[in-house]
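Labels run A, B, C and D following the written order; every chain starts at residue 1.
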Amino acid sequence: MVTLCSKTTPMEKNLAAKKIVDKMMAEDRFSQWLGIEVLLAEEGHCMLKMKIREEMVNGFGIAHGGIAFSFADSALAFASNAYGRLSVALECSISFAIAVNVHDELTCEATQLSLTNKTGTYHIEISNQKKEKVAFFKGTVYRTSKNW
Amino acid sequence: MVTLCSKTTPMEKNLAAKKIVDKMMAEDRFSQWLGIEVLLAEEGHCMLKMKIREEMVNGFGIAHGGIAFSFADSALAFASNAYGRLSVALECSISFAIAVNVHDELTCEATQLSLTNKTGTYHIEISNQKKEKVAFFKGTVYRTSKNW
Amino acid sequence: MVTLCSKTTPMEKNLAAKKIVDKMMAEDRFSQWLGIEVLLAEEGHCMLKMKIREEMVNGFGIAHGGIAFSFADSALAFASNAYGRLSVALECSISFAIAVNVHDELTCEATQLSLTNKTGTYHIEISNQKKEKVAFFKGTVYRTSKNW
Amino acid sequence: MVTLCSKTTPMEKNLAAKKIVDKMMAEDRFSQWLGIEVLLAEEGHCMLKMKIREEMVNGFGIAHGGIAFSFADSALAFASNAYGRLSVALECSISFAIAVNVHDELTCEATQLSLTNKTGTYHIEISNQKKEKVAFFKGTVYRTSKNW
């Protein structure tokens, strides 16, 4: 279909989303320390991966709960900011299902549950290399009026 | 009051609690990376401090949400394990009130809301050097039958 | 594959699950007041429906937040107890996406995120008659050693 | 102290807060069904009481989890709307510590954790007649630009 008006095409949207997430990631020193790689980033959706290192363990010798949370929180930021509106986390919760061990390779996927003018809510699942779901995250962002 | 039986005194309890938390902290490489210092640790209660470094920022140039979460999650682990029963986080939530900046000096305090044979619930507040409350955390642990 | 031992078949499991949920519902006077109908109940999964009445509104003239929560909380109880192990909610969270109005017809579906010997975590989505998702619920239960 | 300018005095603020909560309560048919009584209502703070009736039980013969949640959710609405800005719940979580029984007399108190121009976060504790804490609630509201 040919459109003469200046609507943004899906491909342009995805490029814009990717550009924003690349920019965020370039300045996000903690996500870099975590070793996060962006597998996919589009409006309201993203997939990330990372690997658990020895310096990420807690007093039990397994990954600190803050590591899984941080991984999901980066996914929340990328999926929600990909729309181009600067969005900040208000409230997040995480359920820990299975222990994460050193050398585990984690992936996570952020799925948008709802989006209004002012807020967005996302569900994020974290899996290990055995395809086991290790943690479940729900996060709500406030969408400011500032643009990227 | 003189007791001839072998009851644990409050001072002995606090020493045992401190010993457990010291041991946890000695092996908790991520809490070490965060620069966490234990100000006080006793059964069901602890106070910690840490300082925000440049490698802890996210794509907005402020502290990554995972940093505040991790700080509170360590407090949850210390306060709940100080009883001597190995306790693991089941479900945690955090509300972000005020942005945390590089060089901020954070303190947090874990307060026990409830304790049953199988679970414990804790409220943790994080403050900055201006005494502003920056985040509020609620966490529930499962108390295993294993001892430290 | 032929098995000579007395394993429970899937059909027997579903009948047992349905029997437990029927029994729970028969004694659950608040779910009855809400007008909840069980559309489907099996181990770790259920679907319910209900209709919003005028006596369910809050001071804004829309459904009180406690109504959507209660609806999801019943789904959590049914899905988790359907295994035959008495299970009680430890911690639940709900995100409100869209206002629920009088006369709305709600459905909800509980999906199991994880199940261990001691705990289970469920994601529950509530939809209205326009197929809009109005609320998202995450709940964790403690699985006691008592059987139904 | 005599002030010539038209500043609102604390007493005027409390009267305005009480007027809003009275109006909310007058139209809040579900809080009426619950039998909620407002003990105190001021900006960012309120105390309520209610009594558990037989029609509030679940399939275990104890109070349905939705009852405690609803009680706290009303407190959240009253405490946050008392400022005069129409405020709606975004995300709430509840931890269940002790079972609530028929004939229990519950009180709850909402305390403000934080308040910004756009959001407010509240901690709400529910106690029974034995002064036991039965549940802990954390809720975040979005503060609209509409006034009561």
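By definition in this document, a contact is a pair of C-beta atoms (placed from the backbone, for glycine too) under 8 Å apart; a residue touches a chain by one contact, two chains touch by 3 or more.
Values in this document were obtained by computation on a predicted structure and should not be read as measured data.
Peer 1: Which is it for copies chain C and chain D: same residues on both faces, with over half shared, or different residues?
Peer 2: The interface of chain C with chain D is built from mostly shared positions.
Peer 1: So which one's got more C-beta contacts, A-D or B-D?
Peer 2: Output for the comparison: B-D.
Peer 1: State the chain with the largest centre-to-centre distance from chain D, centres being mean CA positions.
Peer 2: Most distant chain from chain D: A.
Peer 1: Please work out the Cα centroid separation of chain C and chain D, and write it as a whole number of Å.
Peer 2: Taking the average C-alpha coordinate of chain C and of chain D, the gap between them is 25 Å.
Peer 1: Averaged over CA atoms, how far is the centre of chain A from the centre of chain D? Could you give it in whole Å?
Peer 2: Each chain's C-alpha centroid was found; their separation is 34 Å.
Peer 1: Using mean CA coordinates as chain centres, what's the chain B-chain D distance in Å?
Peer 2: 29
Peer 1: Enumerate the residues of chain C that touch no fewer than two other chains.
Peer 2: In chain C, residues 90-91, 93, 95, 121, 140 touch at least two other chains, as defined above.
Peer 1: Would you tell me which residues of chain C are touching chain D in their complex?
Peer 2: 23-31, 33, 54-61, 63-67, 69-71, 73-74, 77, 81, 86, 88-96
Peer 1: Chain D touches which residues of chain A in the complex?
Peer 2: Residue positions touching the partner: 90-91, 93, 118-119, 121, 140, 142.
Peer 1: Can you check the complex and tell me which residues of chain C touch chain A?
Peer 2: For chain C paired with chain A, touching residues are 93, 95, 97-98, 113-114, 116, 121, 123, 125, 133, 136, 138, 140.
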